[in-house]
Amino acid sequence: MINIKNLHKKFGKLVVLDDLNLEINKGGVFAILGPNGSGKTTLIKSILGMVIPNKGEILYKGESVLKQWEYRKDLNYLPQIANFPANLTVVELINMVKNLRSSATNEKELISLFGLTPFLKQKLGNLSGGTKQKVNIVLTFMFDNNLIILDEPTTGLDPIALIYLKDLINKAKEEGKTVLITSHIMSFVEEISDEIVFLLDGKIYFKGSIDEIRRETNSTTLEIAIANLIKKQYA
Amino acid sequence: MLKILKYSIFDLLRSRWSYVYFFFYLLLGFVLLFLNSDMNKAIITLMNIIIVLTPLIGTIFGIMYYYNSKEFTELLLAQPIKRSKIFMGQYIGISLSLTLSLVLGLGIPFVAYGLFKSAAIFDFTLLLVVGSFLNFIFVALAYNISLSTENKIKGFGYAILMWLFLAVIYDGLFLISLVMFNEYPLDKFSLAATMFNPIDLSRILILLKLDISALLGYTGAVFKAFFGTAYGMFSSMGILILWVLFPVLNIIRKSNKKDF
Amino acid sequence: MKNIMIIFLLFSLVGHSKTIEVCSSCKTKSIQVAVSKAVDGDTVLIKKGLYKEFDIFVDKSIHIIGENNPIIDGEKKGYVFKIQADNFTLSGLTIKNVEQSYTKDYAAVLVMRSKNFRIENNILEQVFFGFMIEKSKYGIISNNEVSSNAQKEASSGNGVHMWHCKNMRVEGNKVHNLRDGLYFEFVSHSFISNNTSYKNLRYGLHFMFSNNNEYHHNEFKNNGAGVAVMFSKFIKMHHNTFHFNWGTASYGLLLKEIYDGEIHHNYFEQNTIGINIDGCTRMNYENNHFVRNGWAIKFTGGCYLNSFMFNNFMNNSFDLSYNSKLNDNKFEANYWSDYTGYDLDKDGIGDVPYRPVKLFSYIVNQTPETLVLLRSLFVDIINFSEKVSPVFTPDDLVDSKPIMKEIHDKY
């Protein structure tokens, strides 16, 4: 589904992605982990076409995505900080994104799921961070696509919303979709991920299941395993 | 692009600042006409204001809109939309809503004071055309600055500096160089120097209407050919269009290369 | 029988004078023949038709009158009428095609050493000179239209050209597309009024060495250089309109070496220079209206004791341009549209003086190309600083009593 070859990205002198190769060919939840500044978001944004790589190739469904835009119809993306135009209301924003993509949606279900109905007519500028993130989730999950990319989806969510989010992810997994997630909440990752992609110094340092990573680092939990991996960088 | 344009305009029309800007011009128009019912004088005063203020407002609006809607832009970037369309949509949205504020804000008082029966209608129309051009040019320049400056404060600073340079400092340097080299024939130089500054160019366009009697007092043949015929009007307009076109093309070029 | 009665009555009314009719079917077919047949007091009545004649010489006190616009075609052979007579009339004629020359001043009508005459309601077309009046007095030239198609100054002449005349009246004429519309040299005690002079190559009105004349209610428009008046004393100019005289050396009115004149209630609109004042002394300028000129007033030579009061200066690019740091002229109680002061005591007079000379006008005098910076914000800033502390402009050149509102005793 996604095939990344020899991806390079520099910001000024700072090398963020250094000859990165990644292939994901099946459904499931893939957690992209790594220390701060390891290139997680850059990798995701490269797939989305928001960051333009210096070198390398990114194929989605067998076709290059560089300088293209139509392929984004076939993926859902949840950005890191949900900061929307302050003057639009929730319903206007949802309608706008629907209008922009013109594919089938199921936003009504999601709105009631996250209890957003009372906020629909409110301006986005007046919403709390958590509510905005809920709107963000609705915007992401209302389309039915095979690839879902979530950048820090848990930010600001209350426990119930978090449970619903997990349900949504699990449902997607059951439907055989591919979900890419970055998160700093290891318990959340441990609970939902099938596979871990660990980035270090712009390269994929480790790719495998949670069990594999635990075994390799002799750790009891994912959190400790990741901590051990990161420690190596500091050493 | 039309969708983005629609939403940008929609967004701007609901923001407080568009109204502040609109009411500012409305008030200005009425006050000017109330203080002296001489439409010509009001137009001359307006010209002084428009030439300095529309670039400033356009710059500030462009910069503010870009930085404030950065996350929204990122949301759009993840949608299946071509990059250039996103930025063009936003750019045209801001420029149009500013132009709308200007045209309505000034148009209403002048029409109320009998513009259509007045001979000043051509001068006034020219004023609005020039003001609109300045909106489009300076929003584009502001977008160029903000696209190449990540830091909001820095971007704001550069933009204000650019305005200050084009509105005041440029003319100062221009004047000093003319006075210093006044033994040399300078008419070509002075016309060329005018073309390189959109504010000066707009000023010249308005001078062609309001101060033609003074402009024709100068002896240079180049001046005469420029100011004395329709040539000046057309070439100034043409270059103003280029002043919109080049920054806009640069927005497209820059935005296609930029990482978000 | 009735007709005979009427003719008899007519004859008895005009005394013993008779009328000689000229037309293609009349007994007299030529104007020149009719004139030579006539005696003092007779009328030569020229009927409708085309007469190809030139150098028609008139030396008698007769009335030459055109009926239904007869056309006299000079066929570009010299003068058409040459008149040297007192008490004559010339009216109702259309005269065209006067010879052009670089050596002789051919005119449609040449009047020499005459007095008490009347030239009216004629139309002169394609002339070299129109009316050339020399050494004459007590003549009236009224309601004529003189035009040509002047292209070059050297090969074109003037509409009404007077030389060494006295007590003349030039009224209600229309002169256009000539070299100078109206030209007076050594003319005195004359009145020039209600004329319209436009699209002339050089001057709409031009006079020199002509004292004690009065010019009023004339209109001068689109002339190459406007109106030039030089070396004259005691002239009065009022209620004239000077407009749209554009060009590098164009002005509404050029005053050169004029003494003791009165310029009032005139209207100067959209001229490159409203009034160019060069070496004029003891002149009063009152209640004039300067609207949207490049320079409302430009001083070029030494000017002393001129007084400007109750004038309106409206939206001129520059109100005043001054050539020296010394000022001996008075500006008081004018309305200046650029005035930004206030009137706290509400007496209609601004509480702070107005400085009509801007630093920028000084700079433009030095470096004319800087004109392209007119109305720039930077120029406003330097003008302001000069206003606060004058360095380059005469610091005593102020209107200490600027009027707050447009003066409506106008025009």
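We just call them A, B and C in the order they show up, numbering each chain from 1.
As a working rule, a residue touches a chain if its C-beta (ideal position, glycine included) is under 8 Å from a C-beta of that chain, and two chains touch if they have at least 3 such contacts.
Values in this document were obtained by computation on a predicted structure and should not be read as measured data.
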Q: Starting from the Cα centroid of subunit A, hunt down the chain whose centroid lies farthest away.
A: C
Q: Specify the chain with the shortest distance from its C-alpha centroid to the centroid of every protein C-alpha atom present.
A: B
Q.
Taking the mean of the C-alpha atoms as each chain's centre, how many Å separate subunit B from subunit C?
A. 45
Q.
Quick check: how many Å separate the C-alpha centres of subunit A and subunit B?
A. 42
Q: Could you please state the distance in Å, as a whole number, between where the Cα atoms of subunit A are centred and where those of subunit C are centred?
A: 87
Q: Note the residues in subunit B that touch 2 or more other chains, in rising order.
A: none
Q. Which subunit A residues sit where two or more other chains touch them?
A. none
Q: Mind listing the subunit C positions that touch subunit B in their complex?
A: 246-248, 250, 270-273, 292-295, 314-315, 317-318, 337, 363, 366-381, 406
Q: Enumerate the contact residues on subunit A facing subunit B in the complex.
A: 9, 11, 45, 48-52, 67, 69-73, 77, 79, 81-88, 92, 96-97, 99-101, 139
Q: In the complex, go through subunit B and note every residue touching subunit A.
A: 3, 7, 10-11, 14-15, 68-72, 74-83, 256-260
**Q.** subunit C-touching residues of subunit B, taken from the complex the two chains share
**A.** 38, 40-41, 44, 47-48, 51-52, 167-169, 171-172, 174-175, 178-179, 182, 186-187, 189-191, 194, 200, 203-204, 206-207, 210-220, 224
